[in-house]
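Two complexes come next, and they have one chain in common, chain A, joined by chain B in the first and chain C in the second.
== the complex of A and B ==
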């Protein structure tokens, strides 16, 4: 409160910068966390260390991106993790049935994308079409999707074909595969950012009534947000399948709330209308780095979860407060 | 709404929930004779009471508006069951201390939530989500090294055995909570303030309602109700195991919504929420009775929830 006046004069340049790039505070936290990781375990910031981090958290990064598009429009998707589980078991079972050949793997992934798309359509229909409340409606669809996943593969454990996880964990021309994946992801996100859809999602999230009155098809736009979410959740499922190399009908359940946390950490407002996808990517990495830092610092194993929980809570609070100050 | 007073009566959330409960009980009795027997209904009510007590706190938080929601209730239920189990470790002597410790813990985390939400203006969803992570971490710490505790015999008896007029103590407790909530919401200044800040916070502020104090109290009460439910859950299951409370997080919100309190807050009440809790439990119970796989059960449950939601608070259509 007392610093508000001084911030107005001294920090207005910085404030404008944060307003333009809302993910900057998250980036600062990320850099600090990277430095701390490097201090406690120098190898963690080497190429091998970073590769491992990205390999493990690429799925969460993608799911955070998925969640972001929904949050842009002021909605939320509590079924995102269940979609990951469903796509995971669908591609695992199909790859098993069709043999592990390269084309069959690609075909299975195609079906996985379709499954994610279908889940997105269902979510969009119940939330935007039927106008049910997003939190409870997507919780209901998450139960439904989990049921489907259990139908496809009742118990965890079916392995992925070697071609699949070897590719995900492998290297091409001395560069780890996951970095190609990140490059492709960056390109896709850039292209998406150039479309009108993202702007329209933000417009709906900022003020749905105003968006409607200026002629935007609000319902269709919100449905498209959920479809994007389903598609990116499918991509997240590919990554988690590559990382764990097996099928598990409950693998994504725990990821849903982390994806929401990553979005908030990245400076995106849950009320909609304001935020960036880059921030969510950084938010997911922050969660990953907090987890690894707690491990490297030598926190006794039974205290690790608590320290992680407190650190994430503090980061969430800091993110919200900095973001609000920038927007005022 | 078109139609006469009869239709308006039928569309009341409480009436909808009660009709659905009766219909489901009938369906259950047809599918599996004995489903709607007295003993079975009593068992369902015990399970519903556990959910209903958690939902009481959730209800208060949601009524208070400003996107009020408490995702940390599941963590508090688990932690409370664990603390109570360790303090009792199977003997009645530990009951008073256990109740005191659990209620204090619940209130503490509720107050922390409330302070973050009011003083630092963190959105409730974010604050309570972060607090859930802290609670889950705390569970690991508390569980470490100490053998997971057991319920005191009197507590188990209170929850599962007939206590008065053939009803177990927990049902009487739930009835008491219901009466208390009705009194609180309709007859006290505090209750009127909850509706005031829930429907128009700015107007309430102008009228001199201490908004922050009220909101912090709501979250504190939510923590206390979750803690009480945790103690009862320990009595129901006999011993506490990992993350027992998780199953209450989102269902407590659904029970509130099925009870006719919209997530936007400001209107609704607890009587409907009690019916909503019973409705959820009866529905789940029917699905366990009929002979289908877990996968089919979940699919039917999810789809039924969606259909039921169509009866309640659909958003308004966009109009120019």
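== the complex of A and C ==
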């Protein structure tokens, strides 16, 4: 009793802030990176520069969001990138076959969403339904999805219809399209945060046994997490298709672990139960800014990977250390 | 007609029969106390009613009709709510979210109605108004709460089910007096509303303060049910003890029964840490000191702290005349301490590796081995393994191919290659079959005879009574009684363990 009483925290203001908004350390890192980018290349923090950054990394932001919902429940999805690839080639091939008309483009995107949904169901079934290890099972499904993508489009390079990428890269009423996309995304994420599903995902990630004993349908909840992940991965595929304007059956593969890194950078616990999607968005932007910073600093190409890796490690360490210090 | 009736419910976990024949009959509008010693099957019985454990056999009748409680969701639908002893809270969610977790109020089909959520939670929080302590509100995150406050949240969560049948599995273990009083007021009100309440507690005074009837469970079987008014604590304890002989069966040679005459090997002074305070005791050469009492009263914590596996705030250890510091297990092992946990899977065996590798880690550490040939290691391992009658096909077979009992023998054998001075046994026979247990205790007594000091914590009282020369009974993180010689009876053990803390 006495030890429990002394344990109670005094609770400083900063501590409470970081507990309420776990992405604050990531936000601080983001600001530092923006400043560094501005020093090395002043144009990178202009409207054009920011637009370019968002245009390139919106896909990763969406994929990080996708990953977050799975991580909330204490799971992981190593097939997220493969879903991006699959949806990318599916919509490219369909748009090519159906002609590039606006309705056909929308129809192809509808099929893309369905494909992402189906991938999510499959992942949810093997992980939550069959109770396989999430890491191994989704690694296996990632190979399966990549295989499907290679069957749909064996070689990279089929172009997207002009209507598609012009819209993605274009402006409406002087405002770049990607900013509308970000606004819609923010609204959707806010609404999702208010849903029962997200609270239940977090409760399952916190302690699956406790959630089960409380009477939550744990398996169904975990499957829904994977379905959300599949849907957001499909949206990420739309962005990458808009950005690259072509089909590539391997385009998403390398994004998977970046999405996991973004989730962790954003302050979400990989063990589940705790985190925010806003953090993941910031995490994805941090990765984007690190990549562009390496470029602006004029690092020789053979050293770029090494510097990127070190920078991401540093960002992770800084985030963890700020978080720990603030919670103390 | 009784509200809830269980007939011959049974459940086995592997080789362990947790519940043999559970019978229970609860009326509407009564507080029914369930009592029994550690591992007698109370919690299993409750979990079967709540659907989180599927029974192997038996029948559950609700309002006279047989029902199939297929899971916690089914239980809720049938009108059964439960307080879990180990709590079922999501640490990062708020108090309000936890209280209403199973049935979050909704609006527009998919969104949580935050206002309704807070309002509903507030209703249950208000029940404990004034006794919940500082910083307790609907919006507080559970992680930041004290142990007693978390327990209150779990109580509120059970109450929020508004179920006609409510089960409380040790709801008062961390609560203070005022909180318990308030909780009992609530129980009395629920009773007057005609609800059926199952209440488990290890505090006799509470049982007599709130119970209407009491059912005693012993070794997985329902022994008796009687009205509280018609019984007293002595007869309840007698029922828990059973007809087994009052005196412990004689240990092999209590000839050297005056410990003072033997030289002290291990001496622990003023030991305090998380979960225990001011523990002092001596272990003489050749003595088996038992730790008894209810589960989780600090016995394991003390053993782990002596071994350096968990931190200590104050106190000292004197081993064979020298004061030692055991900041970590490596240092403890080098000083000649050994620790065997009952949780083999997590803290004992090296999963999936050959038996030989599982036998060697302590030898490696103590002899600072860098290179060794398997053949010479086998020679060293053989006598240790043979001493325990371990059955196995070959040293190269994976540890997982062995039964639980034989795995534990391997874990103990690894300490016997280089003899330690003191062996700390932390509930070592958990989930082990009877013959392996017999082998283990024969060995433990032999080791003691050869001069090793042994500290044995066991959740099975019979093991303590049969093997320990002296039993320290733990209660609430400190030693409440020291039973020696002919005092070592089941009755005394229970009485010391169940005294109001």
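In this text, the second predicted complex is superposed on the first by the 308 of 328 C-alpha atoms of A that agree within 3 Å, B and C clash if a C-alpha of one lies under 4 Å from a C-alpha of the other, contacts with A are read in each partner's own complex, and residues count from 1 in each chain.
Quick note on the criterion: contacts are C-beta pairs under 8 Å (C-beta built on N, C-alpha and C of every residue); 3 or more make two chains touch, one makes a residue touch a chain.
Treat the numbers as computed from the prediction; the structure is a model and nothing was measured.
Once chain A of one complex is fitted onto chain A of the other, the partner contacts of A:306 are limited to chain B, with no touch recorded for chain C. In the superposition on chain A, contact is made by A:274 with chain C only, not with chain B. Looking at the superposed arrangement, the partner reaching more residues of chain A, out of chain B and chain C, is B. In the superposition on chain A, contact is made by A:126 with chain B only, not with chain C.
In the superposition on chain A, A:264 makes contact with chain B only, not with chain C.
Contacts of A:150 after superposition: chain B is touched, whereas chain C is not reached.
Look at A:212: by the touch rule set out above, it reaches both chain B and chain C.
When the two complexes are overlaid on their common chain A, residue A:19 makes contact with chain C while staying clear of chain B. In the superposed pair of complexes, A:196 makes contact with chain C only, with no contact to chain B. Common to the chain B and chain C contact sets on chain A are residues 209, 212-213. Of all residues in chain A, those touching chain C in their complex are 1, 3-5, 7-9, 11, 19, 191, 194-197, 199-200, 202-203, 206-207, 209-217, 273-274. Of all residues in chain A, those touching chain B in their complex are 76, 78, 126, 130-133, 135-137, 139-151, 154, 208-209, 212-213, 218-219, 257, 260-261, 264, 270-271, 302-310, 312-313, 316-317, 320-321, 324. For chain B in complex with chain A, the residues that touch the partner chain are 67, 69, 71, 116, 120-123, 125-127, 129-141, 144-145, 250, 253-254, 257, 262-263, 293-303, 305-306, 309-310, 313-318, 320.
On the side of chain C, the complex with chain A involves touching residues 50, 52, 71-73, 75-76, 82, 84, 87-93, 97, 101-102, 104, 106, 110-112, 114, 134-135, 141, 144, 146-148, 157, 174, 176, 274-275.
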